[in-house]
Amino acid sequence: MTGSQTNPPQEPDRDTQGKSWGKVSGSTTVYLGIIVLLGFAPPFLSLINEPFYLDLLSRMLILGIAALSLNLILGYGGMISMGHAAYLGIGAYCVGIPAYYEIYNGFVHLALAIVLSGIFAFLSGIISLRTKGVYFIMITLAFTQMLYFTFVSLEEYGGDDGLVIELRSEFPGLFDTENNTNLYYCIYLTLLGSLLLVHRLIQAPFGRVIIGSKHNEERMRSLGYNTYRYRLVCYVISGILCGIAGVFLGNFTSFISPEMMDWTHSGELIFMIVIGGVNSLFGPLIGSMLFIFFEEWLSGITVYWHFIFGLMLIALVLFGKGGINGLITALFGERR
Amino acid sequence: MNWDLLIIQCLNGLQLGLLLFLLAAGLTLIFGIMDFINLSHGSFYMIGAYFCASITNLTGSLILGVVISLIGVLIVGALVEALLARRLYRNDHLDHVLVTLGLILCFDTAVHFFWGAEGMTIPLPPALDGQVNMGDIVIPTYRFVIIIAGLLVAGGLYLLVNKTHLGMLIRAGASNRVMVTALGINIDRLYMIVFAIGAAMAGFAGMLIAPITEASVGMGNEIIIIAFVVVIVGGIGSVKGAFYGALLIGLIDTLGRSYLDDFLKLSMPANYAETAAPALSAMMVYILMAAILAFRPRGLFPPATKS
Amino acid sequence: MKTKPKPKPMGTIGTALACAGLLLCSNAYTDSVKIGFVTTLTTPAGVIGKDMQDAVNLAVDHLGAKMAGKDIEIFFEDDGFKPEIGKQKTDKLVKQDDVDFVTGFIWSHVLLASRKSALDAGKFLISANAGPSKLAGKLCHENFFSTSWQNDQTPMAMGEVLNQQNVKSLYVMAPNYAAGKNMVAGVERTFKGEIAGKDLTKWGKDAQLDFSAELAKAKASGAEGLFVFYPGKAGGAFMKQYQQAGLVESLPLYTVFTVDSIALPKLQGANMEGVLGSRNTMFWSPDLDTPGNRKFVSGFREKYGKYPSFYAAQAYDSIMLINSGVEGAGGNVDDMDAVRSAMKQANFDSVRGKYTYGNNHFPIQNFYLREVVEDADGNWTSKIVSTVLENHQDPYAAECKL
């Protein structure tokens, strides 16, 4: 008995598959509007002299990329990974460890992150993807815990205490990431690229196989697709994308520790996706923005803010099917 | 080789393993029968410890504390089942993960609110506070109590599952849910009983550990992950699997902490070995799980006739 | 392409953000001394943060809520026991609340992670507890001060005690994080005997609390003494297991920062008689007879009905140190040079009495051997036995280029 067999296919998927480039629905217009506004955020925030909100937005976008990458396997592929924070950690350590040896070249950092998160995704994917349902949840968690404890034991790189990154990644001749606005735009452009990539992947036949094997793997297999391979490729792409988000996270916080890979962070990424709406392209981004907004806002009100957060989670599942995406679609629109 | 030390460490491992079993047994039943992932199972562990600490401090009697708290946790478990979990059995695993994650936050914060952040101790009666001497082997009495209590609960659960009518239904539910429903059993009641018993066992584990450490906020959040590993290693729905899995993991963890640093010192500088060893022994548990899943994708003892 | 511009939801979010911003920044231009206090308020370690918070509030009371005639504004932030959260909160304090001083910091790893944010923003950073070796040595900074100690110092004092008591071999246990490693290094620095064994255990929010395996190893090692450092709730858990294992007689215990005023009432509640008489070293004690300490301890006991912990004492001093700086600058907080040179004098009634600052801005102070005793009212507390180190400076000061 596996997750994919007991669950009836959810309807909204069909729409995402069926959309073509030409038509833009009302909800998409709203999302695109938000994306455009995000592009104007730095000058606006410097105008009203609120540099802290730029930090907040940067974090939102970085985790937005991470949640987007997780949604590729979780939302479209039905692979619930409880270990995606591993890739954030890999990406961040790919900045921190070279920086420890005074290698600050950002291209080196990015290349390392892509290669290493790809390798980690590939190796863990080979084993994990043979399992289904809750076994998959647990084995992804196990791999992340192994990585977590590996970094805890790496005394040279701070162990449990983490590592302070003295200088951010340098992109000589391009831009200076020590400037927060530059870093923000760097993240912003990466986010745009990631959105485009995920959109194209899902529209392509590749995406159809992934979505198809979520609902009925037997059928896809009988159609001649090697679903295991498709899933593995999808898993690796997702890992690499999240690793890139990790590079930005490391740069942004200028500090890394194994804590970044804690299983609760993987849970938070899932939470973000569900707030925004599973199966939606923009949902994870909106979810991460709301998540961080609430986290920041509620934690300022009371030390007991986790209670409100917990209730929100429960209410979201019980009553809020489809997340914010469902709401926006209902308000603005027409899916067909 | 210091054989006395090895024996003591094996007993310590056994004690940890039995605590894990108390958590994992409920988890595996809830998992196997209702197909429900309960991440907040560790909250019952915490609640049990807090109930017991409060009542023991209030009445001055540990036995009274344990008995009343067991009833308390049973009720909390039944309430969580009736009010929340029951509505989610048909949903997918993602929903289970999220709701129970939310529940953890709520329980942790509520405990922080009502009992404060400082944690609570459970005073032990002097009779349990001493040590047991067996030649050169000296073990704290209370750790023996944990081992005996754990074995008793395991034995009781064995009898319950294998020799009673309720146990028959539980076994049937774990291996074939559809059939139990088809037989016209009051499935809602069965679910609630299983959930509450599971919660009570987790609460009991919390009560057992609190006199050694203390009742503290979030104490169940890390051990629950290990308990899940036990469930997966043992095979979902299998109480027997949970038992052997728990002992295996308890022993690996304890022996890893005891001997890994000496072992690592053979191949690396001493100061690196000292910091690497605790992390590596924690990691071994997960390596074991991944290895078992790679070769036996449904754990060591999967229930016999799982569809 | 159908385009229906609907700016509504973004508009509301924007308005909400702007409103939140206005609320949070409405006091940005008032004339007050602003202090950010980063500590742990959630998780079980929140009890330490609470003690520090209480002490800060007491200090503000004692100052009449004014520093050099200006109002005091304190922003408490919760680091959640996590370095990255601590750093985020520090960023928020310096960027959004525009505080003049950032202080607090229980944990060495949180302080190390947050250091850059505060110092790069040109703020004073004052540790009210953590004293990692890096900040005393290579990473020392003109705007960084400590009102506690450098991590190595207290265990160094304990090493001296062990030598005096003629302990030949020692088993060492500490949590595996920055401070734990410093504590171990500290005791090894002065202890002349043999280290029979060493265990560094998992720390953090999922810290290891069951020490059965380690205690068994310690006993089997045949060491003459057991040195431990377990702050917070781990300390209470350790003490219980130590007594339950029956090691009180055979393996005498020497602790630093493990048996404190937070753990003692709980240990007393659990009838852990073995704690009475146990010895530890520290720079301070509730019974230390100085004017500042008398006022602090009696004020604290009166207001909160319990003994203050050393965390509270240091937090109280951090506010008093800031006050001395602000007064020295005549209330002009922006004159950082004046504030700094005034603080460097340490010219205030510290709970530890008169002390001086070394080049790295860590206190040069006495360390005492203390014993756990029952006070006149039957409460367990600590009492000074003897002075172990006088005017002691940390060993990393030489590495600091200030």
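Remarks
Note that the chains are named A, B and C in the order they appear, and that numbering of residues resets to 1 at the start of each chain.
Please note the rule applied: a residue touches a chain if its C-beta (ideal position, glycine included) is under 8 Å from a C-beta of that chain, and two chains touch if they have at least 3 such contacts.
None of these values were measured; they are calculated from a predicted model.
Farthest chain from subunit A (centres taken as the mean of C-alpha atoms): C. Chain pairs B-C and A-C differ in how many C-beta pairs are in contact, and the one with more is B-C. Here the spacing of subunit A and subunit B, counted between their Cα centres, is 32 Å. One simple way to say how far apart two chains are is to compare their mean CA positions; for subunit A and subunit C this gives 36 Å.
Among all residues of subunit A, those that touch two or more other chains are 152, 159, 303, 306. Counting partner chains per residue, subunit B has residues 112, 221, 275, 278-279, 282 touching two or more of them. Multi-chain contact residues of subunit C (touching two or more other chains) are listed as 41-42, 46, 176, 202. On the side of subunit A, the complex with subunit B involves touching residues 1, 3, 6-7, 74, 80, 82, 127, 130-131, 133-135, 137-139, 141-143, 145-146, 149-150, 152-156, 159, 263-264, 267, 270-271, 274, 278, 303-307, 309-314, 316-318. Of all residues in subunit A, only 22-24, 26, 29-30, 33-34, 37, 48, 50-53, 55, 152, 159-162, 164, 166, 253-255, 257, 259-260, 293, 297, 299-300, 303, 306, 328, 331-332 touch subunit C in the complex they form. On the side of subunit C, the complex with subunit B involves touching residues 41-47, 50, 176, 181, 198-202, 205-206, 208-210, 212-214, 216-217, 219-220, 233, 236-237, 240-241, 243-246, 262, 266-267, 269-271. The residues of subunit B lying in touch with subunit C in their complex are 2, 4-5, 8-9, 12, 15-16, 57, 112, 116-124, 126, 129-131, 138, 140-143, 209, 211-214, 216-219, 221-222, 254, 257-258, 261, 274-275, 278-279, 282. Considering their complex, residues 1-7, 9-10, 14, 17-18, 20-21, 24-25, 41-42, 46, 78, 82-84, 87-88, 91-92, 95-96, 108-109, 112-113, 115-117, 176-178, 202-204 of subunit C touch subunit A.
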